[in-house]
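Listed below are the structures to be examined.
First subunit A sits with subunit B, and in the next complex the same chain sits with subunit C.
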Partner chain A sequence: MRWVVLLLAFLLPALAQEAPPPDLSPEVFRIARELRCPVCQGESAAESNSGVAVEMRRIIAEMLREGKTEEEIKAFFVERYGDWILYAPPRRGVTLWVWVLPVLGLLLLGLGLFAYFRPKPLPKELLEEAERRLKEPPR
Partner chain B sequence: MRGWLWLLLVLALGGLFWWGMQRNPKELPSVLAKERRPAPEFTLPLLPPYRAEWGETFRLADHLGKRPIVLNFWASWCYPACYEEAPILEASWRRHREEVLFVGVNTQDKEEEALKFIAQFGLTFPQVHDPRGRVGVDYGMYGVPETFFIDREGRVLARHAGAIDEAVLARYLEEALR
Partner chain C sequence: MTPALLGNLSVSLALAFSLLGLALALLAYLQGDGRFLRGARALVLPAFLAALAAFLALEWALLAHDFSLAYVARNHSTKDPLWVTLVTPWAALEGSILLWGLLQTLYTLLASRKPLDPWRASLVLAVLYGIQVFFFGVMATIASPFQTLPNPPQDGVGPNPLLQNHWMMAVHPVLMYLGFVGLSVPYAYAVAAMVARRYQTWVEETRWWTLIAWGFLTAGKVAGMWWSYEVLGWGGYWAWDPVENASFVPWLLATAFLHTALVQQTRGAFKAWNFAFVTLAFAATVLGTFLTRSGVIQSVHAFAEGPVGPAFLGFFLLATGLGLGLLSRVSREVRDTALFHPFSREGALLLGAFFFAGWALVVVLGTFYPLLVEAFAKAKVSVGAPFFNQVSAPLGAGILLLMGVGPLLPWRRPRKEVFRNLYLLLSVLALGTLLGLLRGYTLGASLAVGLFLYNAAAIYLLAREGVLARVRAGLSPWGFLANRRRVGSLVVHFAVALMGLGIAFSQTYRLESEKTLYRGEAWEVGGVRLTFQGVRALDEGRRFAVEALLGTGRFGEVRPRLHFYPQMNSPLPAPKVIYTPGNDYYFLLMDFDREKGEWASIRLIVTPLVFWMWVAGALMALGTLYILWPVGRAEEARGVSPA
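Now for the complex of A and B:
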């Protein structure tokens, strides 16, 4: 019994932090997490308590109630703020490079490492020398 | 040959770095102004001091396409920027009220606080109240204060983020009136 109480005492604050405020559904926060908070530095619309982020969550909740899809909601914000508002840059145009370059870099690194560590064929003179030594009668 | 390749790579990376450092991180893109989109419509209640002259609610659509509009988003809690620009906007409105319409959008604010602000600066151009800040999202607003310039055709000409000074205001007005 004591264990259970202790466990709850430790777990409850953690759980309380995880749960979103009860007035909005977790779905709202999931979408808001992928949108930038316009007045913040490196914070999403889900985390910030600034006025505009609160309003963004309210708009998301309203649009979900109207039966809008996640794509439609994101398009709504992109229409007003541009691609900038998205945390994940779109996989097209200039921002496609953001997705392609890391893969390309890894590939180049792999090629470089392979070229560096590849077993090199021994030079011919060395082989001939070894062969000659083998044929020599043991001293 | 290899040496040149390395030099080229270093130069390219250096160039990219230099270009990145030249960019102003505070410069925020405005989709509306960049594409000169029609100004988003809104209907909002006017704050009490302006109801006698402008009616209960203000519909932007009634005023679009007639004369240029200066749309200023502000809040009483936005100190000092909004306090710096309020007298400048009021002076400019008094000078240009025949040719340009100034509209203040009080954003995410309490009405009593807003009224105190208005009294402090004796603002005479119409002020609407948007406690939720819904219109700000339609304009792609980042934070108060922000000022949008709408041309005679009802399209967004420019957006100025932060407190506006006399010179910048005059320049945009001239552009809008051209």
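Now for the complex of A and C:
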């Protein structure tokens, strides 16, 4: 055991530890999943193991213990990092459109489909042609 | 002979054969001369062999630890186990393009074997050769896997450790590429159909290709989800990562195409839709590669930045422009003239295809939105999982709803007895949802229960109908199984419903918790009683592993690990997953006392019904395989009714 610890300590000087990490309740993860880990590539603060994400989880747990609500916690991070930290883009300003466009697009698709299925009257020439043929004496 | 020499030579040869093949195929079409076509056909095999030689040269370089190659130096280490070495060709950009090119030559080879009229045969070959020219052109110029280093290192760092952690990495990329490349054949046929103005038969002729591409894409996606679940250590299977999205979009469009193609095969309608969907599906595979490889988006999948991105973007625009440009030229001729009843099989199929295409649109929008905002509004925004989950839920529910009733509707217009079935199904849906609500599930989860039961009931009705029709006709009921298309699609549909149930529950009811335990300490969480018994370290050559020994009672001792790789500055958690039909228990070692091993931080994630998602994935693959299974000539001659 000792030699491994020595070796690891040699390998990982950057990871010198002080105290063990705090306990995290399911609530912490639920909130952290909605927040971006600022230094990662497309990972949320719940998933990432980077120092920043660990710290974010710690802060969330701390704030929850202080009785802060989810909104207050998110607002705290938005104040620090801007709206960018939120994985669900807020429904206002420049990100309003990302919510509106899918609805608009689907509505348009629906309208298009409606037009597609609506009975279209046959073209006039075709009707006249048919009528003329009907009137023709059979050969 | 060195691997570099063999590789460079083979890539150049493959490029030369493809260029020559392209020229001959075009000449054959323009001159109407069969000799050129014979020439173009004759080059298919040499191009494949050259690509194969290039691929083997890369394997050779890896096996021989030839660090004079930049690719080997960057992605290989002498300490890699054999299987990792063998799959390293697709661990990074240049090798992936080589694999893609190799598979493209293989598909061209197989596609060229099919008898086809000389005009369209020349055009199909021209398109496929054109794609090959692009891939080998990229390899010969901006992304060569055989670039050499002036001062080769003694040893390399090996591939990204995330890719070494699980054997799935050997499988997932190959399946994805087989799917992506598979879409090139229907695309080539569609282009040929539009140029030669023969719009009807290509869908039937490429039915096999479309299905095989869809099957591989599906299997590849599920394999990737499983890899993410087992390796990435976050207990999830789908992160709405830009690259996941980029490969989800071709799947969605291929699914849309698969369903509208059915209408053209049966009723000769929806020709324009099919041209549009197949073009977009194929182009989306290229767009996905642009996203991954250009460095515009960072993710687990993104390998490196470089000039490859713009090349793929250009190719994407070319492929889309060719397909849609031709479509606009012939649009008057492929317009649907027949009347469609919305409440018919074709109505449901088109509506379903629109749900898939709309979904693809939403995913593209969400993926590109941050880029657009950054480019035009100079602001940074994130569009992540919460957004995609919210917009996907109604679309997924709509698809599940259509999937149940669609196959029960007759072609052209509804019959009276259909309504009886429909009321029956809707009451199953309502009852199932109510049952879920009574059990205290959320509305979404209850609806998922209802939709699952509704689909199961619909499949039962369909199977019963098929069997009864045979019995009434005095035939053996087992003959129903010979209707491969019907049976296979029912299996796949059931699997999709099961997948929907798994996704709804695993997304809604997920318990994630973390605690630091001291030796001997117990922790009661999520229905498990954990006791921490200590840590143990193992030297595995290329990495160190530290495992926590956890007593769980029910599941015996579990040992989640942390892996320390010399090339990574933070350790990678290797989770231990206990799969059960109800809940999955996902154990992670997050941290431990490095001095005395007195404490360890353990994370436990309990997720319901994930197990069934993997079952559903396997069923989807099996269902597709059942449809594709070669039918004996006798059976084919007997003819199996399509109903």
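The rule we apply is simple: the second predicted complex is superposed on the first by the 101 of 139 C-alpha atoms of A that agree within 3 Å, B and C clash if a C-alpha of one lies under 4 Å from a C-alpha of the other, contacts with A are read in each partner's own complex, and residues count from 1 in each chain.
Keep this in mind: a residue touches a chain if its C-beta (ideal position, glycine included) is under 8 Å from a C-beta of that chain, and two chains touch if they have at least 3 such contacts.
Remember, it's a predicted structure, so these values are computed and weren't measured experimentally.
In the superposed model, A:Leu24 makes contact with subunit C only, not with subunit B. In the superposed model, A:Leu127 makes contact with neither subunit B nor subunit C.
In the superposed model, A:Glu55 lies in contact with subunit B only, and not with subunit C.
Looking at the shared chain after the overlay, A:Leu104 reaches neither subunit B nor subunit C.
Subunit A is touched at more residues by one of its partners, and among subunit B and subunit C that partner is C.
Of the two partner chains placed by superposition, A:Leu96 touches none, neither subunit B nor subunit C.
Touch criterion met: A:Pro38 reaches subunit B, while subunit C stays clear of it. In the superposition on chain A, contact of A:Gly82 is made with both subunit B and subunit C. Touching of subunit A by both subunit B and subunit C, each in its own complex, is seen for residues 50, 82, 84.
Listed in rising order, the residues of subunit A touching subunit B in the complex are 38-39, 50-52, 55-56, 58-59, 77, 79-82, 84. Within the complex formed with subunit A, the subunit B residues making contact are 28-29, 31-32, 107-108, 132-134, 136-143. Put simply, subunit C touches subunit A in their complex at residues 232-234, 236, 239, 241-242, 297-300, 302, 336, 339-342, 347, 350-351, 354, 357-358, 361-362, 365-366, 369, 373, 377, 379-387, 390-391, 511-516, 537, 539, 544, 546, 564, 566, 569-571, 573, 590-591, 593-597, 599, 601, 603.
Looking at the complex, you find that subunit A touches subunit C at residues 1, 4-5, 7-9, 11-12, 14-15, 17, 20-26, 28-30, 33-34, 36, 41-44, 46-47, 49-50, 82-89, 94-95, 97-99, 101-102, 105-106, 109, 113, 116-117, 119-120.
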